[in-house]
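Please go over the structures that come below.
Common to both upcoming complexes is subunit A, partnered first by subunit B, then by subunit C.
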Partner chain A sequence: MKIVRKVKVKNSLGLHTRPAASIVKLLQPRKSAVQFTHKHETINARSIMSILMLAARKNTVIEISVEGDDAELTMQHLVDAFESEFGEK
Partner chain B sequence: MPTGSKEIILRGLPISKGIGIGCPVFFASMDDQVPEVSIPKKEVEQEIDRYRRALDLSRKDVESLQRLSIHEGPAEIVSILGTHLEMMQDPLLTSVIEEKIREMERNIESIFCHIIEEYKVRFSSLQDHYFQERVRDIVDVSRRILGHLRPLERVRMEEMPHNSIILTHELVPSETVEANASLISAFVTAAGGITSHAAIIARAKGIPYVTNIDIKELKSHEVHSLIVDGSQGIIVLNPTRETLKKYQEIQRTHQMSYKLLKDASFLKGETIDGYEVRISANLENPKEMGEIIKAGACGVGLFRSEYLFLSRKAFPSEEEQFHIYKQMAEELKGKPLVVRVFDVGGDKTVDLQPDNEDAKYFSSIGHEANPALGCRAIRFLLRYPNLLDDQLRAIIRASQYGEIHILIPMLSDISELRVVRKKVLEIQEQLRSQNIPIADHMPIGCMIEVPSSAIMCDAISEEVDFISIGTNDLVQYVLAADRSNSHTAELYFSTHPSILRLIRMVVSSANKARKPVILCGECAADPAMIPLLIGLGIREFSVAARHIPLVKHTIRKWRILEACRLAEGALEYPSAQELKEFLAEETVKY
Partner chain C sequence: MYLVKHFYEQHSKYLGLVLLAGSAGLSRKINKAEVHRPGLSLTGYLKGFVPARILIFGKQEIEFLRELEPEVRMERLSSILTPSTPAVIVARGFPPPKELISACDKANVPLFRATSTATNLLSRITFLLLEEFCPSVTLHGTLVEVFGVGVLIQGESSVGKSEAALGLIERGHRLISDDVVRVKRKEGPYLVGSGPELTRHLMEIRGIGIINVAHLYGAVCVRPDKGIDIVVKLEEWDDQHFYDRVGLDDKFIDILGVSVPFHLLPVKPGRDVVLLLETIGLNHRLKDMGYNSAKEFNTKLLETIAKRQKKRVGIENRA
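This part shows the complex of A and B:
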C-alpha cells in the first residue's frame, strides 16, 4: 500500500538535527519505504543527513510518501511526530 | 625571542574570550592528497570490509568520548556526539558508499572523499545559516573515519605539547572535545561561526578562540610565538617583549577569574578589614555536589529543586526526594542546604505528553496570557497541596541528616508563608508522633522577588528565619521589563537605582529583625556589583559554583568602609545609565 500526505513543519527551528534524528529513530522498527519531498527534491527519510539537506524551516510543507505493509501506522506515527513538534513545543 | 622576526597584528572575529600565549601548531585538516587507485573486482568486498572496520572504530571513538562527556562535559557536547553517531549509521555513509565502491572499483579513500566533498558542497549551498553550519558535523565525522582508514596520519588534539596554539582551517566539534585546556592555549581558524558546535565547546572549556584569520597566509610568515586575544578578536605574531608583557598582564587579570583564584578558593570571602562575606553555591543537579565543595562554597544557598521535576518530566515521589535531600545533606557535612520548593508553572514548564500523569497539573491551569505573573512557584504548590506536602515531608525527614532550610519562591503575600509554616508544624508533629527522627528546628525562608514582598519586608522578616533576594525576577518585576524579550532587554538593568533602594530597604528590615539575608541572582557574580551589594549590607551571596573563586577574590580586594561609601554614592544617581558609568569608574581600579 502507498500513502501520500502533506504535513507542515511547526517547530521553531525547522527540521534541524534533533527532529531529524527522532524521525530516523521512529522509522527504525517500521518496514515501509519512506520518502520526503520538498521543493522538487525527494529524499530517503531514514537518512539524517538527507533530511538536513532539505533545510526545511518552520512552516515548510513536506510531502510524505510511505509505501509498504505497515504504511498506515508508519504514516500515523510520522504525522503525530510533526504535529507534536517532535516534543519541542 | 629571536631578533629579526617582526611583530604583526591580525584582526579576526572573536569567538571565545580570554588570552592565549603560546607556540603555533599547524593542525592539518582533511587533506586533498588522497591517493586514487583502482581495485581489482575480487578485492572489492575486502575494500568494503576495510571501510566497515573504519566506521566501526569511529563509532567506538565517539561512544567513548560521549561516555567521558556525560560525566564532565557540558550537555551540548553529549548531544553533538549523539548526532555524529546517527550520521555514521546514515545510509548516505553506509550503503551508498558501499554501492559506490562496487560500482567504481576504486579505493575507499578516494570514493569517500569525493562523496563527502559532494555533501559539503550541497550543505554549503543551503540558504539557511543553521543548516549550513551542519556541514562542520559532516567534515568532523568524515575526518574521523578517514583517520581510521589512514591510521598513521592522525595527530590527536589531546596529545598536543603544552602552550600549543592550534592553527587550522576549521575546527570540528569532536576534536575540540578532545582538546585539553591545560595544554592548548588558544584556537585560531580561517572558518568558523559563533554558533558552531566547536565554538560552543571552546567557550565551555574556556579556551580562547579567534576565527576569520587567513591561515594560509600565516603559514608564509616565520612564526615563533603568538598571542591570541579572544576577547578583542586579535592575534599578534612574534610579539615584542613589550607587547608580551602587556598581554601577560591582561592574562593575569583574566586568569585570576579562574585558575589562580580557584587555588585560593578555600580562603574565606573576607574584606581587607576582616568582614566575612559568605559565598554559597546555586545548584540544579545534585550530582554536581562535589564541584561545589571543591569550589570552596559555604554550602548550597539555593537548590533549585524543580530541576528534579524538569529533568525527568515527572514529579519525584516523597521517598525519592527524601533520599536525594538526605544524600545532599550528608555530603555537605553540616554546611547548610537551602532547598527551594518547586518553582514550576508559568514559564517554567516542560512539554508533557497528554498521557503523562503529571500533565493534569498544568492542563487544568491552561494557557496563561502572562505566565510570569501567573500560577507559578508557591502559588502553583498551594493549588496542589499534595505536591507541597510530599516535598515538605521529604525535606523534614531529611533534616536530621544535616542542616536543611526550606525556601519559598515568589512570595507575594505573607499569608502564603503562614500556610507553609502551618503545614511544616503539622508534618513535624505527625512525624514525631510516629517516632520518626527529625531536626528540632526547621528554618523557613522566603524569596524576595516580587515587589510587594520587598515593600512588606519588615512584616515578613518578623515571621521568617531568613530572607533570600532573587534579583533576576525582582529586576524584571520592578522594571516591568522582560529580559528575554529583545525589545525590553535594554530596560532590564540590575543596577537600576530603584533596585538598589529596594535591596537596601530589604536588608535594613531583615537586620532589624536580626534575620540573615542571602542574595542570589546573576548580579552577585558581577565584580562591579559585588562591592556595591556588600556596601548595601549583603553578607551572603549564592552564585553558580564556577563563579565562586571570582566573587571571593573581588571581596578580598575591598574594605567594608569603601564599599559602603560606594553604595552611598551610587544611591544618589537618578538613572541606570549614570549609575552604571559611576560604577564602572569607581570599580575599575580594583
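This part shows the complex of A and C:
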C-alpha cells in the first residue's frame, strides 16, 4: 500500500539535526519505504544526511510518501511528529 | 525553472556581463541550451528562426545594423526580439546601437554587454547551459574513489555503506559524498556524481554520529565530484541467492540512460568489504586496460582442453 501526504514543518528552527534524528528513530522499527519530497528533491527518509540536505525551514511543505505493509501506521507516526513540532513546542 | 536572472547571478563574473537594458525581463525563462548569432535573421530572413535562443551580437551584426536605415533597423530588431527570447548579449564590449537598447527595453528582453568575442561566448554559454540542463537524479548511496575508479556503493539503510567508505578513506581512498549522491548525465554520455553543498564530506556513522571526513583525515581524502565507473550494491548474505562465482558475464545497471557496470556484493561477518571493494576497483582498472582475468583464464583453459583433445585423437589414430 502506498500513501502520499503533505505536511508542514511547524517548528521554528526547521528540519535541523534533532528533528532529523527523531524521524530516523521513529522509522527504525517500521517496515515501509519512506520518501520525502521537498523542492523537487526526493530523498530516503531513513537517512539523516538526506533529511539534513533538504535544509527545510519553518512553514515549508514536505510531501511524505510511504509504501509498505505498515504504511498507515508509519504515516500516522510521522504526521504526529511533525504536528508536535518534534517535541520542541 | 532556469531564469535569466539565475544565469546572470551565476556567470556574470565569468562572462564579464553588464546589464544595459531590459531589466524588467530578468525573470524570463531559459528553456534551451542554445545560443544564436542572428546574422541572417537581421537581413529579414526569418524562416526556421528559433525564438527561444539567447542572441549574441558580434562585430558583424553591429556593423550590419549600422548600415541599415534607422526605421529598418528598429523593424528588424523588433522582429527577432520575440516574447520567448531569453536575452541579448553584445560581444567584445561593443556599445549597442540606440535602437537595440530601446527595442530591448520595449520588449522587456534583458540586454547585456560581455567582454569576450562572439565565438568565445557561443562556446562558453553553450557549455554552461548544457551543464545546467543536463539530466540529473539524486540517488541514495555513497560515492568513493578507489584507485582512481569512481565506485557508487548502494544498498539498504544500515547495510554498512558508510562504514565501508570510512574503511576505504582510512586506506587512502577518497570520499565524494555519503548517503546522498547527485548524479548528472554529461554529454558523452557519462555520469558524474557529487555531494550536496550543505552536507559535503560529512558522514553519519551509527554509534558515533556526524563526522567531518575532510577535517578528520585531511583534504587528501575527499574530492568534490567524480565520474561514476561502477555501481556496487551491498546486501545481506542470502543463502538462497546464487552469487557470481566466475565473473565471465558483465552485469550493468541503467542510470539516466547510461549503463554502468554493476556488482552485487553480499556482506556477512568475516568478509572484509573494504578489501573486496578495493579488489573490484582494481579489477575494473585491469579490464579498462584490456585484461579480463576471468575471460583470459577461460581462453587459456579452452586452449588446454583443445590441445589435450588433439593429443587424444592422435593417440587413438596411431592405435
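One rule holds in what follows: the second predicted complex is superposed on the first by the 89 of 89 C-alpha atoms of A that agree within 3 Å, B and C clash if a C-alpha of one lies under 4 Å from a C-alpha of the other, contacts with A are read in each partner's own complex, and residues count from 1 in each chain.
The rule is short, and it goes like this: a residue touches a chain if its C-beta (ideal position, glycine included) is under 8 Å from a C-beta of that chain, and two chains touch if they have at least 3 such contacts.
Everything numeric here is computed off the predicted structure, so don't read it as measured data.
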One more residue to check, A:A55. First (subunit B), second (subunit C), both or neither? both
Using the touch definition from the top, say if A:S47 reaches subunit B (first), subunit C (second), both or neither. both
Can A:V4 be said to touch subunit B (first), subunit C (second), both, or neither? neither
Examine A:G87 and indicate which partner it touches, taking first as subunit B and second as subunit C; both and neither are also allowed. first
Quick one: is A:T17 in contact with subunit B, with subunit C, with both, or with neither? Answer first, second, both or neither. both
The chain contacting more residues of subunit A, comparing subunit B with subunit C, is B
Once the two structures are fitted together, what part of subunit A is touched by subunit B and by subunit C alike? 17, 44, 46-50, 52-53, 55
Can you tell me which positions in subunit B touch subunit A when the two form their complex? 79, 82-83, 86-87, 90-93, 119, 122-123, 126-128, 130-131, 134, 137-138, 351, 353
Touch list for subunit C against partner subunit A, complex: 138, 140, 157, 178-180, 196, 198-199, 202-204, 210
Subunit A to subunit B touching residues, read off their complex: 13-14, 16-18, 21, 24, 44, 46-50, 52-53, 55, 57, 84, 87-89
Of all residues in subunit A, which touch subunit C in the complex? 17, 41-44, 46-50, 52-53, 55
